[in-house]
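In the two complexes below, subunit A is the common chain; its partner is subunit B in one and subunit C in the other.
Showing the complex of A and B:
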């Protein structure tokens, strides 16, 4: 048991190797049971203290409110669409300092973009694509709570079909479909792309470790069960993540060197309604009457995804 | 609270008043204090914005008094009635908050007379309506029903019952809120300017070099339920409970036992759900505090 943080780069294989105490400090203003905060906690332990976060507007920008910060090092706030551009500036500055001999190797920082899905799937996509094009050496962590959380959970490009949001209040919820950000990134042929979530800490830690060892643009896309926006009890945050994996709604996978590998394939997938039925944002699919049409459609889409993988 | 303010506003409106009601949020997030304002007058209201000289302040949860951002005492005068929902008595709160005017307590309990979960918003609005003295029982009833129209019939009915029960229970204090005359512009105090010296940036806004300063923020105040670990039955598999704690509030001691950091635990109860041996129990915070006080008294 290591007391604080992951201090060496020994390959992570077992849950027990993960630190008992996170390096991120307590006292943040995130909601009780925030699945996004937990994912960041777990990732930060592996990244270590030599990390600078470049954070676009969203829930997590409230992590650092002067003079309080849970981080051990620097943090930079950017406009919603501009975090990858901010990361470019920071990376360049570090490189310039190193080239001038003003930065020791052990002082170098891992530049990490931290944004919600509103930025990652929508507003910030152009800046992201530009950074990928320039082969910027950075890690992008997106905590995907499937909506604009900080402003009251309006829909975003990551909102799943049929979910109720502050801007999709109609009878059938959100009419669109969740964007496939994993594939959008992979199509740019970056160094690394992975999906993850806090409920699978070992899978997440391994992926962050792998990402840390690579250079170039890298993405950790973490599904982040959000009790406030999804309407479930905070205590169920991890359970919700597990159900997302076991129903096949959130495939755990990674992309390296042009190849996509699934890191965890549920042997028998649970029906999607086990996941949907636990969240208030999908209540209208079950009450007052069962919306069989929508439920079947959602199930069919998940099945089609896995059929294509398993073929 | 936003809904409570709307109910009060609608009730006043039904009784013939001009009304404004508006919520104010910082972040739309659990744990952040929220404010809701109701302004009513028999004449047209020209004032806008937040209320800085309230006639009645309703504090829905007494833990807000410890949160600076909640600003519970802002604008209190000898005419302001303060109603606070608490398990402690009015004398204690008057002393603690140094309230210059009338101070009342709305007794807090976790269940209501129907045996269901207590309906905090409905209770606050029932009391507020009675203290104002100008809202009729019928309007309160109608407004509660109207504002909760989208809720299932049974939930709406419970809210109406709760609001009316508290309304009836406060007959002794009916009309205690008198209302302060609107100050003419000339009589209003100008803002008190504080001249700041021009200082260098590192003095005026010092750079924080230390990490982890957020431990100064006591998020433990948010908690309504407390996780209590039964160490005798604990198997010390702390990676099950301490690792996934989003607030890093389960500290593992040298022997491998998880210990709850009460200053920071927000009471999400993820650890309770996670423990494979079910040895972490969820205890209502007020019960845990009462037990603690009793223990301290015995010692």
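Showing the complex of A and C:
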């Protein structure tokens, strides 16, 4: 029986090719408008059911609660720091068993690590780097909601400058800067690294399909607008994603063979305020008074990024 | 075939003879020799498996559990800081019911930092869900490793098994070891039959999912506990098969010269060998004393321990660990097994020794027996005793003088 979902190798070029209904079951306990869940839905449609998700502690851990799972394939919850190591164990076991004739190749699975940014940018980084240096054949999907979501949205290594989180409630919000995980991965020279987000489903599907066809370590880093942690209306989730792209805050790009290519360059970038102003976590930049200094700094950083690209 | 092997060598041979598929590894003294040996065999094609060095023991234990849950036969090894670094995953992978074998080469825990052995590391893993076996000789290291696979993979058990060997005293000590032929081993240890334990395209499963509420959580934890208790039977049956093929028999509790004994030393691991020598000498002097050594620490073989100590007048428990603020772990465990039992020995004295590789010599064992006999005679129970000689204290004072220590901590602590 041919599994459902987007399984043929026909290259995805048009939105029309994407399935009208997701293969992952609905009715999960995620918040309404969760941008992470939507990104996973879109990715799963392309990956199909011959997958095992190896998960680290985070919001998505609650996708599988005994005795239910929305997935058609397999699932292994590990711990916050350990998902890439879990992927290593599963991948190695499948390979060794196949080599010894104890496993039919039809039974093989695509091993997919699924974690939030807290794990991907921080606690799981040692395990990730290890998997990269060993050239582990796996796909890593990070839904980046820019904070420790499951524990109430404290700041993480992925939190953007000035954002208010449960542990950066001060006047100026978070004092640090978002870590560049894309480059950290790329520095390991893996098979594939891409940024994506649910609001750009075609771009995401193409990237997942490309990743699926490659071997070795591959990352899909999906910015995941989080109504709960970022403080915006759930119905605005896709809009928030679009604004992240159109303001240039979230560049859509990929790394293959040592070359970084931007897959969507906004022709005229909207001012970052259009994105920031829609989220409660940045409200202090606008009220009670405009924090021109911080806003200018954020804008300048985004501009500098694109200037360097376009030069 | 008889060979001179270190304890580490014996552990490596155990894994090799078990024909393991997968070895996630990470170096740490005094364990490293195990993975170096295995790596060499894998490289030379003498062991048909894969060895992968992970980024940490946390990752290593995760990979071990994940591979076992996928259906591979897995061996891994660590020690001390490494075992504790992986502690989160010890609990996690036992909850996956992933059967594999982990050799722990016990070593004292920092701080202060040491390389030498005691049992605080392995006892920190006591409640993790791992079955725990403790070896006292290099031969036992090998044999228990093989038996460990039988227990782990037993369908009634399905839990990981930790085989403990003491750092230095076993890990680096060469002893003659009877190396079984692979053919013979296969008779005792058939290939791993993972049945439902696997991830396959045609049979998707979700493992280790979250539960809501204490009911389902308790269900799974109770199930693990009950499975762990089944390891007693699984061990016994495996040991019987083993004895038939190899002629060496292992019980969950070793008794040495206990038949008519009125007193016994109770201890774990390689230091028990020292106690055996002391028992022989005391026997020569007419003392009715024996040694009782639990080989299995989890599950705790209560019935066997009760039987071994039943009717004795006094028992001296020598702990190579220290639960700070309480005392010896083995002592408390034994008390709980014996309390209220008819014919239980009325006196259980407690001694702490052998921390960080500190020796326990024969004179101390003689003194331990004297103290225990006195307690029986006078009915006065001495408090737990921390073994330390005057000579050791003098040497320590010298070091403190060199370090110009102004306020030795014990001045404050000792009343």
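The rule is short, and it goes like this: the second predicted complex is superposed on the first by the 307 of 311 C-alpha atoms of A that agree within 3 Å, B and C clash if a C-alpha of one lies under 4 Å from a C-alpha of the other, contacts with A are read in each partner's own complex, and residues count from 1 in each chain.
The working rule: a residue touches a chain if its C-beta (ideal position, glycine included) is under 8 Å from a C-beta of that chain, and two chains touch if they have at least 3 such contacts.
Note that the structure is a prediction, hence the values are computed from the model and not measured.
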Quiz item: Putting subunit B and subunit C on the same copy of subunit A, do they fit or clash?
Solution: fit
Quiz item: Who does A:198 touch here: subunit B (first), subunit C (second), both, or neither?
Solution: first
Practice problem: With the two complexes superposed on chain A, say which partner A:228 touches: subunit B (first), subunit C (second), both, or neither. | Solution: first
Practice problem: Identify the partner contact of A:49: answer first if only subunit B is touched, second if only subunit C is, both if each is, neither if none is. | Solution: both
Quiz item: Does subunit B (first) or subunit C (second) touch A:73, or do both, or does neither?
Solution: both
Exercise. Once the structures are superposed on A, label A:95 by its partner contacts, choosing first (subunit B), second (subunit C), both or neither.
Key: second
Exercise. Report for A:258: first if it touches subunit B alone, second if subunit C alone, otherwise both or neither.
Key: neither
Quiz item: Looking at the overlay, does A:62 come into contact with subunit B only (first), subunit C only (second), both, or neither?
Solution: both
Practice problem: Look at A:27 in the shared chain and tell me whether it touches subunit B only, subunit C only, both, or neither; answer first, second, both or neither. | Solution: first
Quiz item: Once the shared chain is lined up, is A:11 touching subunit B (first), subunit C (second), both, or neither of them?
Solution: neither
Self-check item: Shortest CA-CA distance in Å separating subunit B from subunit C in the superposed model
Solution: 6
Quiz item: Residue overlap on subunit A between the subunit B contact set and the subunit C contact set?
Solution: 49, 62, 66, 69, 71-73
Practice problem: Under the touch definition given earlier, write down the residues of subunit A that touch subunit C in their complex. | Solution: 49-50, 52, 54, 61-62, 64-66, 69, 71-79, 81-82, 84-90, 92-97, 100, 102-103, 106-109, 126-127, 129-130, 134
Practice problem: Using the touch definition up top, name the residues of subunit A that touch subunit B in the complex. | Solution: 1, 15-16, 18, 20-22, 24-35, 37-38, 41-42, 49, 59, 62-63, 66-73, 149-153, 198-199, 201, 227-228, 233-239
Quiz prompt | Of subunit B, residues touching subunit A in the complex | solution = 27-32, 205-206, 208, 211-219, 222, 238-239, 242-249, 251-252, 256, 261, 263-264, 266-270, 272-274
Exercise. Using the touch rule from the top, collect the residues of subunit C that touch subunit A in their complex.
Key: 21-22, 24, 48-50, 52, 54-56, 58-60, 62-72, 74, 88-89, 92, 96, 199-202, 204-212, 216
